[in-house]
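A short worksheet on the structure shown next.
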Amino acid sequence: MSDTSFPPVNIAIIGASGYTGAELIRLLYNHPSVVIRYLIAETSAGQPVSAIYPHFAPFGLPDLVYATEVTWSDVDIAFCCMPHGLSQAIVAKLPEHIKVIDLSADFRIEDIATYEQWYGTHHAPQLQPKAVYGLSELNRKEIADATLIACPGCYPTCSTLPLIPLLHDQIISPASIIIDAKSGISGAGRSVKQPNLFCEVESNVRPYSVNSHRHMPEIEQTLSRVARLPIEVQFAPQVVPLSRGMLTMIYVTLQPGKTLEDAHHCLNTHYDDEYFITVLPQGQLPSTREVMGTNRCHIGITAGRNAHTAVVVSVIDNLVKGASGQAVQNLNILLGLPEYTALDLIAVFP
Amino acid sequence: MSDTSFPPVNIAIIGASGYTGAELIRLLYNHPSVVIRYLIAETSAGQPVSAIYPHFAPFGLPDLVYATEVTWSDVDIAFCCMPHGLSQAIVAKLPEHIKVIDLSADFRIEDIATYEQWYGTHHAPQLQPKAVYGLSELNRKEIADATLIACPGCYPTCSTLPLIPLLHDQIISPASIIIDAKSGISGAGRSVKQPNLFCEVESNVRPYSVNSHRHMPEIEQTLSRVARLPIEVQFAPQVVPLSRGMLTMIYVTLQPGKTLEDAHHCLNTHYDDEYFITVLPQGQLPSTREVMGTNRCHIGITAGRNAHTAVVVSVIDNLVKGASGQAVQNLNILLGLPEYTALDLIAVFP
Amino acid sequence: MSDTSFPPVNIAIIGASGYTGAELIRLLYNHPSVVIRYLIAETSAGQPVSAIYPHFAPFGLPDLVYATEVTWSDVDIAFCCMPHGLSQAIVAKLPEHIKVIDLSADFRIEDIATYEQWYGTHHAPQLQPKAVYGLSELNRKEIADATLIACPGCYPTCSTLPLIPLLHDQIISPASIIIDAKSGISGAGRSVKQPNLFCEVESNVRPYSVNSHRHMPEIEQTLSRVARLPIEVQFAPQVVPLSRGMLTMIYVTLQPGKTLEDAHHCLNTHYDDEYFITVLPQGQLPSTREVMGTNRCHIGITAGRNAHTAVVVSVIDNLVKGASGQAVQNLNILLGLPEYTALDLIAVFP
Amino acid sequence: MSDTSFPPVNIAIIGASGYTGAELIRLLYNHPSVVIRYLIAETSAGQPVSAIYPHFAPFGLPDLVYATEVTWSDVDIAFCCMPHGLSQAIVAKLPEHIKVIDLSADFRIEDIATYEQWYGTHHAPQLQPKAVYGLSELNRKEIADATLIACPGCYPTCSTLPLIPLLHDQIISPASIIIDAKSGISGAGRSVKQPNLFCEVESNVRPYSVNSHRHMPEIEQTLSRVARLPIEVQFAPQVVPLSRGMLTMIYVTLQPGKTLEDAHHCLNTHYDDEYFITVLPQGQLPSTREVMGTNRCHIGITAGRNAHTAVVVSVIDNLVKGASGQAVQNLNILLGLPEYTALDLIAVFP
């Protein structure tokens, strides 16, 4: 469906059999400047992608292949959708001309020691300095020139977007930030584990890894950079019974002299020109369904119980703005295209 | 987001506050030849559409208005998304230059007496002869020249698409067709009724109007026309706990001498060139999720318990191919555009 | 199914057509000391209860009647399941010999002015001094002698049970308590409102009434009494897509010198003898499914981000411990029966 | 919670870690004549059962053990909840004094050759003649004297209960019976497979094994016995997004001279005295939610499209009447107790 006049960019998706890989296919299929050349999936190689995702049957996509079958000189940009810990070795072996947009956690943490504390041995520390953290709205200048983009996690994207302006402008206190986060189960990927079964997720709300989730140091890294001082947050993730969707309720303390109106004004001003971010009128809060299937982040803010507190709420689709959509947004930045290219989507509701 | 060079078509959506109206907005927003000029909703007029559908907030859509506020000379084509029984009076009053694509049942039944048996008094019988039944794949020639298009119901679309070729080619018996249909609850619209509450639909499978549903005569009308003899079907609808999606299991008897292979070949041949229809390999059956959010119909066929029976399965998204998507497909036919314009969508999965 | 040897207690359920009324029927049906004599439902009177709840068809229950049809001298105890604001007038008119277990908010707030600030005019202020707040574990002595029991709201039950011991023993600071609460939609009752439709709740997380919910003053009333000083909490409710279930994540600050172990020990000690409350091992957190269908409250506690904070989690079934189950528990207290009578249920899982 | 005066029966549950094992625990916990002595689960042995099912934490159940740790002389009756193909070898090794209630398919098919065609090698053919097919309502006399009870599958229970009277009394034709069946996913057990993931089941309707499901020969065995002639049925199972619940729509042809009223009267008469079966008024159809959590089967019948056809609908909870509940019902028959002992439950709704 490409209708562009300049030569399209050739794409490989490494790890095409997972949910984020599939979501990349959905989004890139209508991208006017892209050709999906290779879908790489070691465990399902040799099959059409419709064998594992029937909804792709009608769309003439390339078959799943082994990485060893790829003619890498034909590839301009690789999306890497591997589980955490596997991207480093793969990326290290790719030819240098290939720019990499990585969706794993493997290159998100700048400090190797911190990385290894949470994820274990880093297998490509030499590449880490090249990696640009791919929170598009924060780092778009660096992303434009990057050769290795580490796309943020879903929780960090949803949590930091509303906090960045508030910390940057010193509207809120850097201490005592509490992030209560709810996520659909697709964030756990297509991996076959008992807690991901329908019967275990349906009709259930389940907290896990409270104040010990791997996304906590990633959130703190971003917030500390913006605030220019070390920030610790409380972070409490919970699985709720939906496939897609993420909502963070963030409890903040206003800096002395700052008001709810200041906070709302700060968010509004900061994000006024951002295509994918909508700041709701003060007191109005978003729900997850309104961004489902889109690359959007909706942010609301309302009063705390007293004048020096506030509650900030943000929602994203964890598979889009929290993963594959932001990866495509970063591709657009890399290519110098409008960021909304192929991402100009309205939520599917109901 | 329009990038077309010829003057766009001006659209009004009458009944924009219901689910099919909202789905039309989602689909038309990215249509290159269309401008959404008016969103008409009597009960919510005066508000931005985001007041009733927050997911539309970012998209710069026109506010909801009363029909009396519309400058009809600015409108080329009107989509009518009113509840059954209300379209007739509305359509009858529209200026003649406006072509109407109606999503209600009001003009689907050709025979006025049959209509009135199922729906009550027909309020615009004089218009009925002008109405073209908008099953795109069956009637596209008539649709291209129509001024009033009666889009099919969701059950009739899902049920008749697989049966039309099999009856037309006399592969299956016109007698003893049984259609067991399951639908998501969005087919009931946004109307506020107790059976549509979350607590009533969740974890439940509920049959209703078995062999007495209003879509049964509509199905029979289409099949009888194709088979050139009066056809009666058993039709058993059931609500299942999903918002979108529809699946029909159709139990058929093969004509003497005909085989499962004949039936599969017939479907394959008939639909080979249809953009929105995919016939799966013999024995492979579709599930609803693979067409969610799209205008597609996937069809499978497998063996019955013995050599003279077969089971045909078809799936659609009831709000898209079963309603607003097919309406846009008909718009494209009217405008002489490729039918997939603005409808070239991959299912949202998971 | 009664097998008791002493004369059973005659029960009337006022407002039997709502979800809490139906849940009372489920729980009382197997109660050995109870006869359900009257099911009162003004809008559905004259019908069998199975006309509005088909699952009751097999159980030989009395038909729904108007209140005016009741021979009140036959009634010993009335459960009142009316919407907020309607119980006061009804209760005021009941004969004096009838003890009332009210499930609405009408008698929960001791201070009339506070009540009226949140709910509007109080229609039976003369009865308020008689009302005992029916949080069974807190007030069982007063409940045993009560003639009017005001059962707590679901959020207050789930929120205060874990906080009461921690405040009472001065383990946590009375300031800066944050309660992030998620609830299934059955808490909204069977009332027919658009936000309760399947299509609106499914796949959605929706915050509402953040720091302005009517249950906030009720929570504060209980906590203030226990702590013997005025307490304000932040309270942020959210609807999640399940019919039943409630989870509160509570962010607390430990008093100087107090540790997580102190907090866990306090909870453990306080609730050691409580049949319906389980305190999980330190660091282990409950999920809603494990109490579904039961009168239980499971409580967990885990570390905050630093040594002076902690996160407490509690779960209940909002229709049981949060409504009808606690009402039956209070009935048992009134009757001098073991509190688990008819409530000795294991969760339905999956 | 046992309050019986005669010595209780000692129970072992083999395969206690699956969903049917867990459901047995829930149901037997309140059984007045039973003591749960052993919970056997090879892969989880050595742990408390609450380690794999947190909802059991409060109930003082025995820990999970290996079969080799059991003192079999202490056991009177063993429930066997193993996957198909594993029960035969286990049962063959149990001491003779132990009566076995098997929930697998291993002893359901009387004809060894038919068994092996669908399931592979039979590992205890010598035991097959002893096995009694445990459809309680059909075989209660044989069950009372049995030493090995083969509890029916969920689909066969739901499908044959409404058909048995109609075939026995020759109301319907033995030819052309079509069973369209929908099931919740808990029927697939707690086994960790991709199609059972939340993201794959949610919002989806998925047909599978149409006319090739292993429950088809089991259904045909029962119906053939009742009708005294070989019967073949079409059988089309589908997974719908619920944890529990099963509904069969059954399309039948009436025998010449028989009417819908005859069919309804036959069902009514046949099941008048059955505690667990409710035949609804003619034209009224059941939905799955009304039996959720119970051992009940609700049956409805309505008109076909013409006078010689009818549609029969039945619903069960697949984990209760379709598995563990019917197993307990059979235990009660074995013990000479009222069949509703410990099964006198009202559906959990909503």
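So that you can tell them apart, the chains are marked A, B, C and D in the order they are listed, and the count of residues begins at 1 in each.
Please note the rule applied: a residue touches a chain if its C-beta (ideal position, glycine included) is under 8 Å from a C-beta of that chain, and two chains touch if they have at least 3 such contacts.
Owing to the predicted nature of the structure, the values given are computational and were not obtained by experimental measurement.
Engineer: Select, from A-D and B-D, the pair of chains that is joined by more C-beta pairs in contact.
Structural biologist: B-D
Engineer: Among all other chains, pick the one whose mean CA position is farthest from the mean CA position of chain A.
Structural biologist: Greatest centre separation from chain A goes to chain D.
Engineer: Counting only Cα atoms for the centres, state how far chain A is from chain D in Å.
Structural biologist: Result: the chain centres lie 45 Å from each other.
Engineer: Measuring centre to centre with CA averages, how many angstrom lie between chain A and chain B?
Structural biologist: Between these chains, centre-to-centre, one finds 35 Å.
Engineer: So the centre of each chain is just the mean of its C-alpha atoms; given that, what is the distance between chain B and chain D in Å?
Structural biologist: Taking the average C-alpha coordinate of chain B and of chain D, the gap between them is 40 Å.
Engineer: Identify all positions of chain A at which a residue touches two or more other chains, and write them in rising order.
Structural biologist: Residues 19, 186, 199-200, 202-203, 241-244, 287, 289, 292, 350.
Engineer: Would you pull the chain B residues touching chain D in the complex into a rising list?
Structural biologist: Residues 176, 178, 180, 182, 184, 199-200, 202-208, 210-211, 232-236, 238, 240-245, 247, 249, 251, 285, 287-289, 292, 302-306, 309, 311, 313, 315, 350 of chain B touch chain D in their complex.
Engineer: If we count contacts the way the header does, which residues on chain B are in touch with chain A in the complex?
Structural biologist: Contacts found on chain B: 1, 19, 22, 25-26, 29-30, 53-59, 186, 203, 243-244, 278, 280, 286-287, 289-293, 296, 298, 319, 344-350.
Engineer: Touching chain D in the complex: which residues of chain A?
Structural biologist: Residues 19, 185-186, 190, 192-194, 196-203, 241-243.
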